[in-house]
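Just so it is clear, A, B, C and D label the chains in written order, and each chain counts residues from 1 on its own.
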Amino acid sequence: MIIQLQEDISDKQRESLLAEVINIGYKTTEVKTQLGDYIIGIGKKEFDIRKIGKKEGIKDIHIVSDEYKLVSKKWKAKPTSIDLGNGVFIKDGDMAIIAGPCSIESEDQIRKVIKHLKENDIKMMRGGVFKPRSSPYAFRGLGIDGLKLWYDLASEAGIKIVTEVMQVSQIEEMYPYTDIYQVGARNTQNFNLLDELGKVDKAVMIKRGISGTIEELLQSAEYVFSGGNEKLILCERGIRTYERASRNTLDLNAVPILKAKSHLPVIVDPSHGIGIRAYVPQMALAGVMAGADGIIYETHEIPEKAYSDGQQTLDFTQSALLADWIRKTFAMRKTFDLV
Amino acid sequence: MIIQLQEDISDKQRESLLAEVINIGYKTTEVKTQLGDYIIGIGKKEFDIRKIGKKEGIKDIHIVSDEYKLVSKKWKAKPTSIDLGNGVFIKDGDMAIIAGPCSIESEDQIRKVIKHLKENDIKMMRGGVFKPRSSPYAFRGLGIDGLKLWYDLASEAGIKIVTEVMQVSQIEEMYPYTDIYQVGARNTQNFNLLDELGKVDKAVMIKRGISGTIEELLQSAEYVFSGGNEKLILCERGIRTYERASRNTLDLNAVPILKAKSHLPVIVDPSHGIGIRAYVPQMALAGVMAGADGIIYETHEIPEKAYSDGQQTLDFTQSALLADWIRKTFAMRKTFDLV
Amino acid sequence: MIIQLQEDISDKQRESLLAEVINIGYKTTEVKTQLGDYIIGIGKKEFDIRKIGKKEGIKDIHIVSDEYKLVSKKWKAKPTSIDLGNGVFIKDGDMAIIAGPCSIESEDQIRKVIKHLKENDIKMMRGGVFKPRSSPYAFRGLGIDGLKLWYDLASEAGIKIVTEVMQVSQIEEMYPYTDIYQVGARNTQNFNLLDELGKVDKAVMIKRGISGTIEELLQSAEYVFSGGNEKLILCERGIRTYERASRNTLDLNAVPILKAKSHLPVIVDPSHGIGIRAYVPQMALAGVMAGADGIIYETHEIPEKAYSDGQQTLDFTQSALLADWIRKTFAMRKTFDLV
Amino acid sequence: MIIQLQEDISDKQRESLLAEVINIGYKTTEVKTQLGDYIIGIGKKEFDIRKIGKKEGIKDIHIVSDEYKLVSKKWKAKPTSIDLGNGVFIKDGDMAIIAGPCSIESEDQIRKVIKHLKENDIKMMRGGVFKPRSSPYAFRGLGIDGLKLWYDLASEAGIKIVTEVMQVSQIEEMYPYTDIYQVGARNTQNFNLLDELGKVDKAVMIKRGISGTIEELLQSAEYVFSGGNEKLILCERGIRTYERASRNTLDLNAVPILKAKSHLPVIVDPSHGIGIRAYVPQMALAGVMAGADGIIYETHEIPEKAYSDGQQTLDFTQSALLADWIRKTFAMRKTFDLV
């Protein structure tokens, strides 16, 4: 059960409420986020919800039988809107476009990408400075200095940035220089990282695990939310299957299912989802029609020279076209009465 | 290698040609389809293609290194167009809509579906009369009598039908009463069935196997083509993965990949692909944007009362809306310069 | 529900019984096998089993809630023993060894394998004469003539043979020349083939599908049993997963699970299960310890020259060692008190 | 390429050597472990190995084309032996048995398990104090205090312990109280954690990822080794597939493949591998026959009352039997001439 507390609840009321829930035989977790205070009760016994509901200090109470609670649409039908400042949002009813290179490489590269984004009215940029690599001998990114440089140039241009955080110790050092922390597909179930991101007041985009289920993605989001941070974005980026003709299997089924189960915005990553440059646009547009609230894709001035993921990266001409097509497709989708 | 023969090739020229190919150390297969005669040469040794190419009786010669040959785009860049008669086509550059129930149930049901299709200008109807069921105790379809009844009503209304053939012995009895034979996902590698369908002059739609690869789907099509039948359609209908939130994982990546590898038209089945009625429209439209040449979906007057697959079947109101959205989405896609 | 009928049940008693079951609201299927007559009732309504149980003509009555019924251990706790004649059995409490080449190639090859089997007291031989191949241009086996030759030589030597049947039309022509029909992994859900094998009085070994579930394997066996043939053997041969370091993923978990769910014997195929010659012995012995009632593996005088599957085929020296190790491991397993 | 350095190499010799490798166009990584100093060269250009090989300060030089290098058998054919002190080893040619509860729960529980282990001559104990849980509301373990208590009791009894480390910050606090750090299946690609474990002089057991490949497991081990720690153990614990009848699909194919590719010892975890108590013994013995150097399984005085994983945990009677069977099976395996 989720109990939303009134802002002016007294300590005594709160204690009495906790006692009442424990009394049913439920385990309680107190959650305090940017937007409110909650008590989560976990248990299986049936109880009379009215008995708790009429107690003082309660704004609302909900039964949520899913394993995830706070990220469920069952208690919060209204979609969550992520406000990044300066009029930049990621939210249901809108189409966020996030583009940029796989890896941040140099000042020159950053400047060129930013110029490209500005020319195409794209307000969010992706890029990696800490790169998870399966081989210890591969390029691991420019690190925190690269991030500082990038953030300065981007914020000057009014561009919001999203970049991967790989471990707890990076959260704090990255904080002044990032708009959205990205949790990568290999860290979707790095529970300590999720716990710590719950303590931060910046948006977090969680990628679905390499072979993560939809349920696990929602539970990972629940970790961050229950840690205190409601600013969450979910990202479908392809899953591992037996098929070898594409890098991953982009599971667009996940988009309407996530939108139905959760109030959080859902982003699609066609670049990792298919891994082949020529087909990224089709899969991006398919993602829009599947119901995505945004698309994140890789672009680079000269993809063939990118430090990583060049084979799935669009050049600026392709990127400009895609941004236009995404917007047109989204405009059409809005005229359809889709659930 | 694929050698396309001239129509007026003499027996002597043909024999000389075969001898030449065998002489290189290649195994030959002679293929005669509705549209032409071919010699397929299988082998690994390098050879001088000009030596064969200048022989008499040859229209064209191509090196195709893929495991599949005749269905490859490497020798036939022009997309294959399936002409079903009466101005009904399945082809690249067009959008085929195929709708109908999972199972053919009764004359009344057939009439109602046909009326719905006519009202929405849908020219192809799907339906099962031989049903593959994992349990031997489940409903197995109305059989050949149901097919006759259905075919008569459909052809009277100018509607083309597609229905599953489950075994070799059914091919002949179904022949007068079907427009497109469907090979189901459990029979994609039923090689005897594919062989026999090669001998028939009617279109064949091959569904991707339950956990079939893209490569295997193309090889299954190669079976039918090399048996003598070029009228082939490929269908992506979802694959089996670890994810349990949807019936299957609709692999839309397969659409641009199949279109790039083969000259055959590609159809998407969102009904089986996600298995949840409310999300069938989104996935259908995603399929259109991914590059499909057609959409096949399930519709029934009262889905809750359907003999099978009701949970993924649209009612007629939803179906009418979806057909309209599919057409609008396809019209927009054509304005984009997608590969 | 499964109702076992008395051998001397009268037509009147049978009709009365059917009427009673239909009266509950259950669909009935009458099954007549080599060993008995059964009525299967399918439905969901609860009913008083005693009311049916006390009717005349009944030997026993069982509630079986699984999707599969007749192959379930819930009504038949006693393991099924497959008697192949001449003292050759496949059964729980015994260890069947089946060895032979992937493809039957020639009389000379057959004679050499038979000699090897005799020297090592191996009483069952595997081999393919109809080969399912993903490419239409690959070697498809010697066909029925190869089978006749092989069967004659094998039966003369007192060796029982198991070979794949690919389509309904082959069942009858193969009948005089086979001891065990094998249903291959691509045909596990070829329901027509399963239906027809139910009408035959010879043993059938069903391989698990390429990506078939344990449940589906049992349902495929149910098809044959409900068609009238109780002589069934299940075979685990590896499943398709994302892992590429082995040909398939041998799922030995399936062995104890199948043994617990069904009364049918379970065989393990380590050759296809891992696909790498050097590791076939380990996986065979692992299969024995997992609880298999038999091992089927590939052997050839000169594996490198085998027409197919050479990379996973043992030579005769390796095969002789393996047969010995299998027997020793099985003898030890019997001293353990495993479920 | 891997260059093993002589212990008495001079700084000048080292610099000259690095310069030579860089000169070929290779990227170099210097590795210093407990057992030696290495230079790893990564690149694709061909070069004359003799030219480097004859330089001073070199003990040996090897070309290793795999993505992983230091963990490969290609340069170190001799199996790695993990010496835990007091005569306890994990190594090829030996059979390590590691048993204990899923979670460490209380002093009483620890004492009972230790008593059981001592009675059965089991020298290693498993247990979790930091528990990765997919839901933030589940029991997360006793933490560092539980570890201290456990370690004291275990070391007093001469028992070595293995326990999961979930994040970098725990490495140091756990150090005095653990014998083997376990990297869990959700952290197999937590590269920062792997990096940091490279700096520690204690054994590390890396579990295969939830859907990790064999290749990825070896690369994760490469991270730790290249970070400076050679004391590595690999663990197969089941992978995620579509099959739902078992918790995971225990991939015993991985055992001989890992043993062939790497010099590191390989452990099998049948408890997580199948997830059903009744079948854990069979799968453990199958693991022994597949070639494992050890078995890790869950045991608890009263499995039904365990805080976690009770359904796959053996009671002490079952555990005692299993330990005996493992030893007998291993003794028999040693008499076979398996690769």
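Things worth noting here:
Keep this in mind: a residue touches a chain if its C-beta (ideal position, glycine included) is under 8 Å from a C-beta of that chain, and two chains touch if they have at least 3 such contacts.
Each chain and its UniProt protein: A, B, C, D = 3-deoxy-7-phosphoheptulonate synthase.
Computed from a predicted structure; not experimentally measured.
Chains that touch both chain A and chain B: C, D. Ranked by distance of CA centroids from chain C, the top chain is A.
Note on chain placement: the centre of chain C and the centre of chain D lie 38 Å apart, centres being C-alpha means.
Chain geometry summary: the mean Cα position of chain A and that of chain D are 33 Å apart. Chain geometry summary: the mean Cα position of chain B and that of chain D are 49 Å apart. Chain B has residues 211, 240-242, 244 in contact with two or more other chains. Those residues of chain B whose C-beta lies close enough to touch chain D in the complex are 211, 240-242, 244. Residues of chain B touching chain A in their complex: 211, 213-215, 239, 241-246, 249-257, 260, 273-274, 276, 278-279, 281-283, 285-291, 321, 325, 328-329, 332-333, 336-339. Interface residues of chain C, counted against chain B in their complex, comprise 27, 29, 40, 42, 67-69, 132-137, 166-169, 186-187, 189-195, 209-211, 216, 219-220, 222-223, 226-227, 240.
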